[in-house]
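Chain IDs A, B, C and D follow the sequence of writing; residue 1 opens each chain.
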Amino acid sequence: MIDLNCDLGESFGIYQLGCDKDIMPFVSSVNIACGFHAGDPTTMHRTVELAHKFEVNIGAHPGLNDVIGFGRRSIKITPQEAYTLVLYQIGALEAFLRAKGKTLHHVKPHGALYNMAAKEEELAVNIAQAVYDFNPSLILFGLSGSCLTTAGEKLGLKVRHEVFADRTYQDDGSLTPRSFENAVIDNEQQAIEQVVQIVQQGKVKTVTGNSISIKADTICLHGDNVNSVQFAKKISHILHNV
Amino acid sequence: MIDLNCDLGESFGIYQLGCDKDIMPFVSSVNIACGFHAGDPTTMHRTVELAHKFEVNIGAHPGLNDVIGFGRRSIKITPQEAYTLVLYQIGALEAFLRAKGKTLHHVKPHGALYNMAAKEEELAVNIAQAVYDFNPSLILFGLSGSCLTTAGEKLGLKVRHEVFADRTYQDDGSLTPRSFENAVIDNEQQAIEQVVQIVQQGKVKTVTGNSISIKADTICLHGDNVNSVQFAKKISHILHNV
Amino acid sequence: MIDLNCDLGESFGIYQLGCDKDIMPFVSSVNIACGFHAGDPTTMHRTVELAHKFEVNIGAHPGLNDVIGFGRRSIKITPQEAYTLVLYQIGALEAFLRAKGKTLHHVKPHGALYNMAAKEEELAVNIAQAVYDFNPSLILFGLSGSCLTTAGEKLGLKVRHEVFADRTYQDDGSLTPRSFENAVIDNEQQAIEQVVQIVQQGKVKTVTGNSISIKADTICLHGDNVNSVQFAKKISHILHNV
Amino acid sequence: MIDLNCDLGESFGIYQLGCDKDIMPFVSSVNIACGFHAGDPTTMHRTVELAHKFEVNIGAHPGLNDVIGFGRRSIKITPQEAYTLVLYQIGALEAFLRAKGKTLHHVKPHGALYNMAAKEEELAVNIAQAVYDFNPSLILFGLSGSCLTTAGEKLGLKVRHEVFADRTYQDDGSLTPRSFENAVIDNEQQAIEQVVQIVQQGKVKTVTGNSISIKADTICLHGDNVNSVQFAKKISHILHNV
C-alpha cells in the first residue's frame, strides 16, 4: 500500500496542537517538528516515544525559525542558511531516537521551507545536501516532481514524491496557492476520489479540468482535528482495499 | 599535559563574540555553543570547521534557552526538561560533525546550567543520563568534585573534573559565587600560581587561606578578548614545561 | 461588588488558549499577556478589541521572557531587568489601547514574576517603580499582603490585594506552593465557601485549620476551560447576591 | 541644516554592537531598535538615557521579529501583522521615554521591513496607520519618494524623505539592491559628493550616469565602526558649512 504520512509533534510548551494519538493508527510515516516552527525538546521526546509505540516510520520535519508564524511565512534565507538549519534540526530530532537505539527514517521540510524548496533550485540542493551529509540512507520527502525531489535524486538520495488529498493541482503539477479560493478541497468525497485516481492511474485532474500525470509515493494527511482524523481513517481503509 | 578547554562559537547572527581563531592554538578541547544561550546553526557550522582545522577535541556546550541572559541566569527547569534540552543540543551540534565524518568528544554544560548541575543532584543525574543515552563513550566535563561529575561517574561515563585559573575556591571546594568581590582572580601571576599548584600538587588555596585537595583533569580558559588570549598562551607555555 | 479578574490573551500565533469570549461576561477586569510569556502583537490587538466590547477594565499582564515555560519558571533576573521588562511590556500593550483612544487600567505581573515579586522586596520595588514611572495613576494588582502590594503602597500607587478562590493558604498568608499536594482546591463547593468567607469576613481558613485575616480587593478567576467558565459564572452570581 | 539620522541601540543582551556614544555628537535624530530584530528592554532603557543626554530626536526603529537575521531577511507577513508589530514596538520604546516625561519624535522601520514598506503599498499603508493611530503627530521616516512616504502623506502624517550617503541610486529613484556589486559607495569622497549634490541641488547621479531629482529631508549615517563615525563627523562638518 502507498505510504500515508502526517505532520506531528507540533505542540509547543503548554500549547497543545493536533490529535497525535488519534491519527497514528492510520498513517505509516510521521514527520516530527524540530523546535524551529513548532515542537520543543520535551514535546519531541514525547512524540518520538509515541511514534515508537505505534511502530510508524519517524521523520524529521525541519522548518523556518518562526514559531509565531508556525513556519508558514517565507523568510528570505540564503541556501547556506537552509543547509545549516536543516542539518541542525535533523540532528536535534535524531538525538531522541538515538536515546532509544533507533535512527531516523526520512526528512520532510515544513511549510514555507517546503514550498520554497519546491521552487528554488539552489535552496533545494542545499537542503538535499544537508540530508545527505547527515546520513545518505535517509529518505527525502518533497512535493511530487519539484525542485526538491529532483535535487535529492541527483544526489543519490532515496526520494518520496508527495501528493495531497485535499489540495487542488495546477496544469504544471504545482499546488494551487492557498491565496486562491479553490486551493483546498473541502468536499471529502472529492478528496477521496482525487487520492484514488492518483493511486490507481497515476493521474490527477487539475483546476482547469485537464488530467496530468503525477508521481505518488506518499500521501500527506492531516491530524489537526476530529474531522481530519476521520478522513484519515476513511482514506486508510479505502487504500487498503484498492 | 593536562587538558586546556575553552568555550567557543558564542557568536549569534551578526553579533560576533570571542577570539575563537586566536585562542585555538593554545587549547586542546573546545566547547561549542548549541543555539540555546548562544550560537546559531551557521555559527555552529563555521566553528566546527575551524575546530577541525586546529585538530582540537570538540565538545557540545549546551545551555539554558535564554540568549538575552547568555544562559547565565538560573531558570527553574525540571530534571526532565534538563534531560531533553541537553539531548536536543548534543544532537544538533553533532550533526555538523557527522557531516564531516566525525563524532563529538565531550559535553560540558554552560553557565547557569553548569552551576545548577554542580549542586542539584537530580538535575545532574538527568544531564548525565542525556549524555549517556546519546553516546556512552562521550566524556562529561563538570566542576571538579561536583554533583555532575559524581552523577557521570555513577553512570559509567568518563568524566573530566574541571578547575578554573581565574576563580577563587571556598573551603568546600566550590567556586566563590560571582556576587562576592573576591570571586574572580584579576591578577595574572596569582592565576598562574593557582594553576601550577593545582597541577603539581593537586591542591588549591581557598579564600580562607586553607589548602584543600582538588581533582584536575581539565582547566577552563577564556577567549573573550586579547588579554585572555595572552593569558591562555602563557598558561599553555608554562604547563608544557611543568 | 468585589472585582473579579482573569488572565486573557494567552494565545500565541496559531496556538489557541483559553475561553476568552466565554469568561468575559463574568469578570470586571482582565489581564492581557504582553508577548513575553504568551500573546503576540496580533493576539494582543484582538484581545484588546474583545475586552473593549465587553467593557471590562483592561490591565497589562507582563511576564518573564519564556514562552516555552509559559512564564511559570523562575528566572534569576536582576531588579533592574525586572524594571525594564515590565516597562517594555506595559508600553507595548497600551499601544493597542491608545490606538482606540483608551488607556490602561492596571498592571498585574504573571506567573513566576508574580510569585517572585510577592517575596523579593527589591524586585517588587522595581516592578512597582516601572508601573509608577509609566503612569502613576495605574493600579497595581499583587498577591494580598505581599512585597509587591507593599512596594506599590509605599510609592503611592493604588493597589489591589488579590485573593484566589482555588488555592489554599498557609498561616503566614502565602499561597501553598503548587509542589504541595494540597495547593489547589479542586472541590468547587469548597472554593466557593473560601471566596464567600473572604468577602464577608475578611478571613480565610489556612491549611492548618487556623483562620487568618486577609485583604481582598480582587479575586482571580480562570478561563482555561468549560469548567472554569462555569465556576466563574457561579462565583459571579453568588457575589452579586452576597 | 538637514537632519542626520543613525540607527542605534542595536546591542542584544551581552552582545555589543555599534559605537552609539561616538556617533551621537554628529547626528540630530536617532532610531532605536525595539527588541524584535535587535535591542532588549535593558539596552533600550540605556540607549534612551544616552540619547537624552545628547539631546537628539528619539525615534522608534521597529523591525521584523528575527534577531538571528538582524531583521534583514524579508518575512512574508500580512499587512495586518505589519500594523500590530509596528504598534507593539512603538509602544514598547515610548514606555522608556514616558518614564522620563518625554515622547517619541519619529518612527523609521528597519531593514527588510523598511525595504518592503518602500515597495508594497498595502504594507506601507498599514505601517503608516500604526504610526498614526499611536500618535498622529509622530514623524514617519521612509525611503525618499517610496510607498511608505506616500502612505504617510496621504494619512496626514509629517514625513521625512530619507536619502543615503553610501548607497547608489537607480534611474527610478530606488536604491541599487545590495546583491549588486555597485550597491554600496565605498569611496568616502564620492559619498560626500553625493550628499552635497543632494543637499545643494536636490539631485542625485544614478548608476547609469543620469541625474534625477530626489527629495531629501534626512540623511542616514552609520555608527557601526570607527570609520563610519569618522565619516559622520566629516559629513556633519561639511553640511554645517554648506
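Quick note on the criterion: a contact is a pair of C-beta atoms (placed from the backbone, for glycine too) under 8 Å apart; a residue touches a chain by one contact, two chains touch by 3 or more.
Worth saying up front: this structure is predicted, and the values here are computed from it rather than measured.
Under the contact definition, subunit A and subunit B share the contacting chains C, D. Contact with both subunit C and subunit D is made by A, B. Note: centroid distance subunit A to subunit C, computed from Cα atoms, is 41 Å. Among all residues of subunit B, those that touch two or more other chains are 68-69.
Subunit A makes touch with subunit C in their complex at residues 12-15, 17, 40, 67-70.
Residues 35, 41-42, 44-45, 80-81, 83-85, 87-96, 98-99, 130, 133-135 of subunit C are the ones touching subunit D in the complex.
Interface residues of subunit A, counted against subunit D in their complex, comprise 65-66, 68-69, 73-77, 112.
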